[in-house]
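The following pair of complexes shares a single chain, chain A, combined with chain B in the former and chain C in the latter.
Here is the complex of A and B:
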């Protein structure tokens, strides 16, 4: 019998041993956390698997919350995610993670428990941004939407036929909710600080189409205004809203749809590259420490992650899209149980969709990375069209309104950084395909946050000392 | 246990060595190779987008096909191809190049399979409103009891025997009954239009065999029969305009409430022809191929009987392996298109070979293996892009109910002949007969 064990044999033994005896902890029990847990088992990880989630529910799907749930088609607690496979895991749901100690490799829980890990996946996602005025935030009839409880409560409020609903913020979620209100026959005002709905994600040209859709559907859309004050009645129920243009609205239901906040507070003091845009990681989902040095045992996936992307000048992206969570979770899971030569990059072409005012909106790539736009197919007037976004002569994104079947074409163009404007279609194209400015607002203005955000170059551009956020 | 190693069809020995794309294409389309064109598709796929002579390009790579199926520089408007060929002053070459007159009303006036946006989109909306969600929610699910009853009746009839022709005695009657009922075509006329459609299929051949003397004779007969079918359906449409009914075809020409208004009688005729042919022929071929594939792969019948929840996945796998519409010769390039190392020149006919791309080993591991548990089985059995099978949701229901009933009730089925005799068409591919012996039919 040979005594010489080759290096590759020893490495293979290490991997086998980790797969059989290792401990993996996933913090975050939603879409990314569930898909990562399933993928780990698919990858042959047979060790101890713990999923920690602050919500008490099994993992559920959030896209229906602003649509089918609010319409009353589906109860708020009936959107559990389908399971791709059995996952033998310890589910610690309803108890939040409150701390991370990288020296002892333990996650601290709100109930005081310490959960040890060999490898950790951070998938804590985002929460909805609360109403800024704490005194007003307690008013009855004021809602935000992120969780199934949020959606369930708001559905009840809408079903009670309020005289007027005020939606503050006209991003995708706010616009979808306005659409639902009109379908339910409710009067609805949308107040948006920027010049038009969806402007952060799609730019001013397409945003004007979205604005027309809202107004044609009977939405009282008010742009370039902010809501400065909410007032309640004697019972503490919201009744009036004061706008920055001096007008006052009588309202019974207010939904603050102000974007999201990344759930990173629990990582305070852990020495990771955390910040406003989430937890920085490499394209292999490995978290960066505060110095921008990659860690070996901590991985990130989903809304809370920000990672560099080769197609977008290696800028760091924070992508709050459904399929990003799914794919990043799978890549993270693979890399958690693989050694260097087998590791894969997460280089998604972001895809997103929305349904509003009878129009199916689907996009691919990162429109907001571009500065020019060209309508390539169909008719804007009929709300059936495709448009491509470009930057410096190459295509970086595309959006379709009721034209989603063409998305794969643009996907192939973006994947190979094809020239912009793209070649003219053989039919159903505008007479002249002339690129025009896409009219994105300055991303530094504190409004109109798109759901894909370019967060600047390498974290070492920033100070390497960590200043904890004040809470 | 799933039998994962069995092959999906008997392999003939003596395959090809290295062939030119042109030679591989000729072989793949030959009638004698209809039971197994796949080894020639493998040859073709060495050049995923290949020129095969007469200016025709065929696409056999999965990724390349996916890209071209979504490329707005690929047109499905056959009038475009014709006009161009005529302008080039070479009608003979035009016919050779795939602009085949045998399409008759199938392509002549641009029904939805043979037209481009915005006309295509409008026609599809005008038809879909009366077929599926969100406007028509219950039509497709509502066919389930009839399908189940008929499938059971057909097997009841087979109780007295121990041999069945799965094509004629089981697969054919179900979709024909359903499509006639949905469109509003009297089922009693079935023998008549069955013969017409048979002639059309025989003549529908854009390849070398179609250009032969016999091919031209078949083409002439097909054109004559398509004329008769057009007359029949045209009269039916006129009767619906005079006296509307609840049938889909009647609603298509009488719709006053939809955003696009009613379809013109002319467009309704070309689309009715399409729906009638596609609505039953491809479904028949798929049901027959399902039974063939399950019986040809040892252990599969037992697997699906013990785990019927796998039947829907088995059907998708059969669609991948034995794609009912192998390609549709309507497409051409509106511009020079560079893809897969090839430049398709503007104006060239482009055949998207679904059945070939469905076995691309770069996309599907063990592509020739029938695996009802295959993951992420995104095959092209229903096409891809805006022309994705209009009737797919109905066909899925029909095939599921037919296969499920067959598997549950037929005891110890065995193939009598493998491979079975095939239909002539290289576009609509399926067995002409499929004889199966069995011990008995369960109740």
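Here is the complex of A and C:
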């Protein structure tokens, strides 16, 4: 007994000592990094805290960039995030992390500095996928959008009243930008390789509703086509786009909205489980190494993380959603300074919103995990409805168009794996509630990347080939 | 001042909109658009809007908190 007591005393001393004298480094100075730093101080961590971010700005909010900022209402540098509390930390902003040495427990920076850590949080997020043709990527008038500078530059270009804007890619951000263009009275073409906008996140049935919204708002929506070539004038400004259907468009502004790339390059050689979908971690945010062995001192949060989820057959989720960054950062911070019995799981129901064409699109769960849907409330024709998505007799996700007040009803059903089709909510039910195929595209086609991706173990979900080293 | 909406939590009751019409707008029936860094001159209106939210979806910077009715 006395030995056990003294052991637990020693462990308690270690925790107290770490909380007072430990060194925690957060790599990533955006939403997840900020909320983790605040949570660490809330959790009683009084040691040395360093936040490293490659952007020079203090943490700012990105969702307004494709809406309020492009509209010209809010300046690009006016989306700074509110602070929950005072955070005593060394903010090393404007310098990227370029390497991680797990043996010496140091993070290497672009300026050559080495920052030692006892515990590390990886929250490096994603960046926008650049235009694939490097020669064309330098054209003036060609934009991507991820940072406040990106949004500020594009806003100036839109305010100059271009004759036609071309948006390549009709995901959430591309569709929101198309909406802004129409609100600004600009002619806009949207080119999408898949059969409809948002098809990866919503499935073909609901994506057709999104397509109708775009066309009714005056968007020249072209689906099933890709942009093969951009051509500039003598001054190097983009003027023409050649589409795969043989047509040519005269354009002054082109926005490549092609999804994102996870910022993992700086971890090369560190031996962590990094890849296309981010850094693998357990549900407690601890990073896996390349062999799938969980690490003790490295944690992951936000867009760059991928973690298993019990509700979705333990498949790994990569979630590029705002509140995932917030909640995972808090869980990671808690677990970084807690012993095993107090550790918490991060098992979020993914949720998102998107305001476009005057409609509030919200979602909960993972619709694309399902294969059927049923309209449970409202009217698709009126763009006011709720749709539940199911798989093998249980509800796995829900989408609402201007029906957000009901999302909590579906959240509760998803959380307890309620039957699909779900019981009628008893309000505003359509005359007929018949499950129909949700029409998600084959996930192996790389055309439509939804913002929640199941990356897990089912080989049909995302084809991955294991090639053993050849001798 | 600095605010951020948790637009997942926001249910679109739009109680906040008329209380701070320069900082908050409704797009369509329930999509809220907001100025994340409204001018300090709007502090009172914005704090009232924050207090009016039935689901407390608006976060205010700790340095900007205070009594919305104070002078």
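In the analysis below, the second predicted complex is superposed on the first by the 451 of 471 C-alpha atoms of A that agree within 3 Å, B and C clash if a C-alpha of one lies under 4 Å from a C-alpha of the other, contacts with A are read in each partner's own complex, and residues count from 1 in each chain.
Following the convention adopted for this analysis, contacts are C-beta pairs under 8 Å (C-beta built on N, C-alpha and C of every residue); 3 or more make two chains touch, one makes a residue touch a chain.
Model, not experiment: these values are computed from the prediction.
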So, A:360: does it touch chain B (first), chain C (second), both, or neither? second
Contacts for A:61 in the overlay, against chain B (first) and chain C (second): which applies, first, second, both or neither? second
Tell me which partner A:351 touches in the superposition: chain B (first), chain C (second), both or neither. second
Where does A:379 make contact in the superposed view: on chain B (first), on chain C (second), on both, or on neither? first
Should A:83 be classified as contacting the first partner (chain B), the second (chain C), both, or neither? second
In the overlay, answer first, second, both or neither for which of chain B and chain C A:405 touches. both
More chain A residues in contact - chain B or chain C: C
Would you sort A:323 into first (chain B), second (chain C), both or neither based on which partner it touches? second
Shared contact residues on chain A for chain B and chain C? 384, 405, 407-408
Footprint of chain A on chain B - complex, ascending: 66-67, 69-75, 77, 116-118, 121, 333-335, 384-386, 388
In the complex formed with chain C, which residues of chain A make contact? 60-61, 63-64, 67-68, 71, 73-74, 78-86, 322-323, 326, 351-353, 355, 357-360, 362, 384, 402, 404-405, 407-408
Using the touch definition from the top, list the residues of chain C that touch chain A in their complex. 2-4, 6-8, 10-13, 27-37, 59-64
Chain A residues touching chain B in their complex are 376-379, 384, 405-409, 412, 423-429
